[in-house]
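Labels A, B, C, D and E are assigned to the chains in the order they are written; within every chain, residues are numbered from 1.
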Amino acid sequence: MSGAVQETVSGGSAKTARVVIYGLLILLAAIYLLPLYVMLTTSLKSLDEIRGGDMLSLPSSPSIAAWTKAWGEACIGVTCTGIKGYFWNSIKMVVPAVIISTLLGALNGYVLTKWRFPGHKIIFGMMLFACFIPFQAVLIPMARMLGMMGIANTTTGLVFVHVIYGLGFTTLFFRNYYEAFPDELIKAAMMDGAGFFRIFWRILLPTSGPIIVVTVIYQFTNIWNDFLFGVSFSSGGSSPMTVALNNLVASSTGVKEYNVDMAAAVFAALPTLFVYIVAGRYFVRGLMAGAVKG
Amino acid sequence: MSFLEIRNLRKKIGNVEVLKGIDIELEKGGFLVLVGPSGCGKSTLLNAIAGLLPLTSGDIVIDGQVVNDLHPSQRDIAMVFQSYALYPNMTVEENIAFALEMRGVPKDERAAAVKVAAKTLQIEHLLTRRPSQLSGGQRQRVAMGRALVRKPRVFLFDEPLSNLDAKLRVEVRAEIKSLHQNTHATIVYVTHDQIEAMTLATKIVVLKEGTVQQIGTPAEIYNLPANLFVADFMGSPAMNMLDGKVVGTGAEARISLFGDQSITVPVPPTVAAGALSEGQSVLLGLRPEAITDTGLADPQARSVTQIEAPVIMTEPTGSDTFVTAELGGKHFTARTRAEVSCQAGDTFRFAFNLDKAVVFDPQSGLRL
Amino acid sequence: MSFLEIRNLRKKIGNVEVLKGIDIELEKGGFLVLVGPSGCGKSTLLNAIAGLLPLTSGDIVIDGQVVNDLHPSQRDIAMVFQSYALYPNMTVEENIAFALEMRGVPKDERAAAVKVAAKTLQIEHLLTRRPSQLSGGQRQRVAMGRALVRKPRVFLFDEPLSNLDAKLRVEVRAEIKSLHQNTHATIVYVTHDQIEAMTLATKIVVLKEGTVQQIGTPAEIYNLPANLFVADFMGSPAMNMLDGKVVGTGAEARISLFGDQSITVPVPPTVAAGALSEGQSVLLGLRPEAITDTGLADPQARSVTQIEAPVIMTEPTGSDTFVTAELGGKHFTARTRAEVSCQAGDTFRFAFNLDKAVVFDPQSGLRL
Amino acid sequence: AEEVEVLHWWTAGGEAAALNVLKENLAKEGVSWKDMPVAGGSGVQAMTALRARVTSGDPPTAVQMLGFDIRDWAEQGVVGNLDELAEKQGWAKVIPEALQAFSKYDDHWIAAPVNVHSTNWLWLNKAAFDKAGGKEPANIEELIALLDKFKEQGLTPLAHGGQPWQDGTLWESVVLSTGGMDFYKKAVIDLDPAALSGDQMKQVFDTMSKLRTYFDPNFSGRDWNLSTALVIEGKAGAQQMGDWSKGEWLRADKKPGTDFVCMRFPGTQGNVLFNADQFVMFDVGEEKRDAQMKLASAVEDPAFQIAFNTVKGSVPARTDVPGDQFDDCGKKGIKDVADAAKAGTLVGSLAHGYAQPGAVKEAVFDVITQHLNGQIDTATALKRLPEAVAAAK
Amino acid sequence: MTTIEPATASPPRRNFADSLRGWLPKLVLAPSFAVILLFVYGFILWTVYLSFTNSRILPVYKLVGFDAYVRLWSQPNWYMAMKNLAIFGVLYIGICISIGLGLAILMDQRIRAEGILRPIFLYPMALSFVVTGTAWKWFLNPGLGIENTMHNLGWESFKFDWLVNPDMAIYTVVIAGVWQASGFVMAMFLAGLRGIDGEIIKAAQIDGAPLTKIYRRIIIPMLRPVFLSAFIVLAHMAIKSYDLVIALTGGGPGNATELPSTFMYSYTFTRSQMAVGSASAVMMLMGITAIIVPYLYSELREKR
């Protein structure tokens, strides 16, 4: 990957230009980081310091007391075991939902590009449009369907919901990626005697790395951060992280323990932050490879 | 009896008839080359043979068996693609063995077969690499290995050399040729490079817009093109087409060229007896190598006419020099020896060797 | 005095020295072709001339002015790229006029200049289209128009024909040639197609891994290659290299070939006097067209030796037939007339024309 | 084992701790407690979650709910029946009529009330109050005078959090104070268009505008407890808020009478706008009914009522619970409620869903908040109020 | 792009295995499609149906005609929501695209620290507003945030009270929204920039275009498809924005930051006016359709 604008023979103003560019970028980066900074420093401050002090100041005597409390001791409802249980709830929900929706998206993309049949465009268009439905509008009928299927208030139900409403995106990503995948490879594999699934498993999937990364990042963050489905289709101890966080942070009574709230928020943010930081470079690459039409 | 037979094959894609009734026969061990301009339907025909496209009508027969309804994997055909279509995620060895694996061949047999194919193609040292780590020529060989290992009834090649540079193309071409000679495989080969077609084929099929223009041996196609399209398509630089008029009749008939009564040449031996009538307009087709400097004129040629003409441009290629000259307002190109030195503006004396000249009807475009 | 001068140019990219001290001079109106295998640094050199890459050391001088520190736009150079690099969002007209617009040329002058360029290139009817609506050849012409309209001091071309098919390539090549002849532009042109190099250049530079192998006219490069690399690189099929040994000394020296004492040929006229010593191992380089069937042997050649050899393979191309034969365990390729009919296994009598043979030292690879 | 699942929005702090008492009481009876806390916006999310649960055919055992929401849900025919238990424990006698109107539907008990809150309270910082003369204001004019004095002290005179329900809470107190109980009933309960757009209502809105000038600039969107904190810390003089506000004072170790003053909103003594948290029992089927009954019984257990309400600041839903464990404010609350219940001036609070169904409540809020935030003037508010109410009915 | 059709798609004589082979791709797609059909389109139809009933707290299925729509269009809140959506949508999309493009261009200048900067600009996308909402509320709160900080630093006259000012509150929603999405837009543009043929830029340099002109005249026009993708992504996020508003302002002060999404949620779930909520959902869907369908159409048509 090289920049669009290459190095050339340049005049004297180039140095100043670079200083300006770096200056701008660093300034913007600082602004973008502020909320995270505030969350982190606040979580390390004592309550008194938070009330009395400046939001932007560094903690005078950093303490991780709020962190341990958020993780293991804070009360959510009548149970005071912190958010750790909910953290695992989220993991149990996110992992299967991401895997299933990614896999289905890949299969759909595969069919829609390599095994086209009349009407494939309409089907794809309809699946894509599904990405845009406002989720608030589906809560009630969804609850009904989940009840009818007997998976209401279960992690399975949540996984199911997330898979459905992620399908449009995953299909879109994989379709755009596979669109550029040479048909000849499929033909070759067909002639070699590989069937539908074997072509998929042996040829397409192993070469889908970049788009799998994009899809997984996208799905992971969306599902992890979801609150609406979580609050509607789960209950109590099986709620995902965001619901617990909301219960902790948005509770209307009692002393606001901002440091604990922030520590809990940081915990809730950690997995997605981790995913973005680790896989960020592949994200742009993956976008190049398919998600964005360039 | 022919081994591969294509009978009145038609293929519509959408509303467009891409193949308009193709009839081809190829004997066992034959090397059929399909040529034609881009978009004429070569790949479509090949895909139809492979079973990758359903036919609209017609039959494909291999070894007496109608294979129309067989799945590609059951036709016992191997194909080498222009892009080679190597599986990027597999090593060379896995690539070659894949088809066998799909057929359930046991592991050790597969390994042995791969070894044999790799040896034939001299790619034994590459077996553990991935396609991305190979050069163009090496990829080409792996693609061939993948086809070879299956010992199919028919090999299909879709422009397998077009991604290689000139030098490598010559080498790999020779390899394919010797492969064919050694294995006596039946091959259908698509290209739009005439040299490739000429050197490899036992039989050439020239396609244009989904119809067969001519089927014949390379020499037939090159020396006796059935029509203007074939004449123009095969050979580079293209065949010179000289405006001519028939003067005289019967054995005394000659053809006057360049609209100039004083330049006349005998009727070439390729023209069917009685095909010409006096006063008829014709196109006299003459390949550049049949127009030379006088020093190179074939001493064994039966009819050589020498004509002087002003030179427009010279293109020395090292081995030869192509000289473009003008007569009667029309350009023609001659291939002279490299040593010949003439320059734009000079008047040069050309030797026209008419042994191989062909004559076309300008209206119908057919050879007379 | 030379118009474009490159003096001891070096360029490091990362840790790799891509250009290792290049010295080239080109006179005004000259047509310099850079050839060399892929990755040898041709594009890098061209980019350096254009100012698209900063130099590591050395100078680039145009018309007496050192331009090292000038921005590309101030060097008064135009460049045509392999991909044509047309601006996809602009019409053909806007594409051609863009450089003038950047220079602040008034609108009506721009329009006039575009018209002239478009007329020269016969693309007047395309002016309102966008690049995506053009064929390959048309795009190529627009790219040339974009360069032409600026009337730059130097034109740079980076493999401008490699995206075209064979037929179109021949046509556009001729256009570039006549353009050069008409405008007397100074051109630097990159290709790895030898035919292109031979037909277009007034001067060829052969590069290999960032060093100049030989600079000379097309004829010099083709006929008197400086070393084995150049000999092998230029010409297709490649030059035959025959193992030889010098027998005798002085005026009586001959070269015995194929390790066979009985086959000896005279020392070719290309060899410098006294360059050979008795018993020395040499490589005798002979182009395929210098080995022919006896019927074609150049009657004006001074030294022709006839040798019989068994045929390994024949490749009829229509215009000629390439015959590969074997002697002393080594293969050589001859170019015979298309009519000659011989087959693998036959023994055939070849005429070796030694006028143009060259002799190399197998150790150093240099021509003697 | 038996299990109850309780949907509530007491997710943190003392309330959750108080619920723990309930949980433990139930545990003693062998009923385990499955918690379903949903915080945020006074149960907004909770109602969404409940809807999903009910629609999916798997309602929780009990749901914390307010006023007309209870009726709405009862109308859907998804709630259970507590008649047997209520009969046995004699709820009808100990629970105020006004509350029963919501705890019963179609003459059947469907909900177990936990407490009675009242909203027309004013909370004063004692130090600032003393400095300002220490005389409890008897009407709006005196309140304004007091606020002016606070202002002179450099305090934020009135600590208010700009959320629709808080705006509504303030508004209903002003309505009650301005026009008395008759006007409140006419305007808020009967939704008489004339009352909603008449002169008295104009006075109410003018008062609101006036009070707005005593807010600090940061009031928008602030949670009520943060406003309370301002009064506790002495940064503000007064807060109009329901009695749950007391919980904040107590948690800050402040004593009624010494550190703070609790009084009815000026001009509303004798009237109580109530708001009762109730556990609505949903129809969960026979197997779970027994546990459900145990839960309802535990809720009405006087010991729990005392334990919970002393923490929460509210008064017990049962009138027969002794008040001696309560502090002065609590005792005053218990007495006020009892008196009002007798006098018929125990009326539902609009802001908390005991006067009108949600749709009307929100429609009124719309007008109040927009007016309070200066988006519309008083004339527009008067015009829009009956319109909005009519549209929402 | 050519299409591969399985050879078995049309021939008349087929055995079971062959016909299975022909159906397999459709079978694989079928579950996904069926699920989408039911859970998206079925639900859309259901919502449309509900909008013609007088459902309040829970769905009822008795049709009453256009009543809900009449009520919807007589709500001042709804007009406010529409007006806010217009302001928010235009600014949010416009600023996100400007900043995203600007960042991408800056990042494309062979920046050494790209690996560090990229995640910094991207991370807001990774966080939900449930997580960052509190921090943002603080920032924008005059008493706690920027204004307070500036006052502490000695800039007493600094005033930033948009969050509590009904006329300006919607702009704070824009600020937070831009913060969240602009990094993602940057990534899209960066991917687009990286996909541009380097030779075109070289050609422009030789043609004498200064860097600014290269961007303005050549590169940015070439990014047109990215603009379109970014627009679609942002437009749908703008229409669906919910967390953002709830976390930041809860729709207030007053109803100053009401958006159709919050409107719909509150009418459906808190105000027990499910029919009106459904009607507003239908309106939103129509809005989305108006944007997406032409895009889908052109997107899917151009391939051929």
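Just so it is clear, a contact is a pair of C-beta atoms (placed from the backbone, for glycine too) under 8 Å apart; a residue touches a chain by one contact, two chains touch by 3 or more.
This structure is a prediction, so every number in the text was calculated from the model and none was measured.
Peer 1: Relative to chain B, which chain has the most distant C-alpha mean position?
Peer 2: D
Peer 1: Which of the two pairs, A-D or C-E, is linked by more C-beta contacts?
Peer 2: Of A-D and C-E, it is A-D that has more C-beta pairs in contact.
Peer 1: So, what's the distance in Å between the C-alpha centres of chain E and chain D?
Peer 2: 38
Peer 1: Please compute the C-alpha centroid of chain A, do the same for chain C, then give the distance between them in whole Å.
Peer 2: That gives a centre separation of 55 Å.
Peer 1: Let me have the rounded angstrom distance from the C-alpha centre of chain B over to the C-alpha centre of chain C, please.
Peer 2: Between these chains, centre-to-centre, one finds 26 Å.
Peer 1: Taking each residue of chain E in turn, which ones touch at least two of the other chains?
Peer 2: Each of 4-6, 9, 21, 58-59, 144, 202, 205, 265, 269 in chain E touches at least two other chains.
Peer 1: Tell me, which residues of chain D touch at least two other chains?
Peer 2: In chain D, residues 41, 48, 51, 54-55 touch at least two other chains, as defined above.
Peer 1: Residues of chain C that contact two or more other chains, please.
Peer 2: Residues 51-52, 71-72.
Peer 1: Going by the contact rule at the top, pick out the chain A residues touching chain E in the complex.
Peer 2: The contact residues of chain A facing chain E are 1-8, 18, 21-22, 24-25, 28-29, 32-36, 38-39, 42, 54-56, 104, 107-108, 110-112, 114-117, 121, 123-142, 145, 164-165, 167-168, 171, 179, 183, 186-187, 190, 195-196, 221, 224-228, 242, 245-246, 249, 258, 261-262, 265, 268-269, 272-273, 275-277, 280-281, 283-285, 287-288, 291-294.
Peer 1: Inside the complex, what are the residues of chain D that reach chain E?
Peer 2: 41, 44, 47-48, 51, 54-55, 72-73, 75-76, 162-164, 216-221, 357-359, 362-363, 366, 369-370, 372-375, 384, 388, 391-392
Peer 1: Can you check the complex and tell me which residues of chain D touch chain A?
Peer 2: Those residues of chain D that touch chain A are 5, 7-17, 19-20, 23, 33-42, 45, 48-49, 51-58, 60, 223-226, 244, 247-248, 251.
Peer 1: Once bound in the complex, which stretches of chain E touch chain D?
Peer 2: 56-59, 71, 74-77, 137, 141-144, 161, 163-164, 166, 169, 249-250, 252-256, 265-266, 269-273
Peer 1: Can you check the complex and tell me which residues of chain A touch chain B?
Peer 2: 182, 184-185, 187-194, 198, 202-203, 206-207
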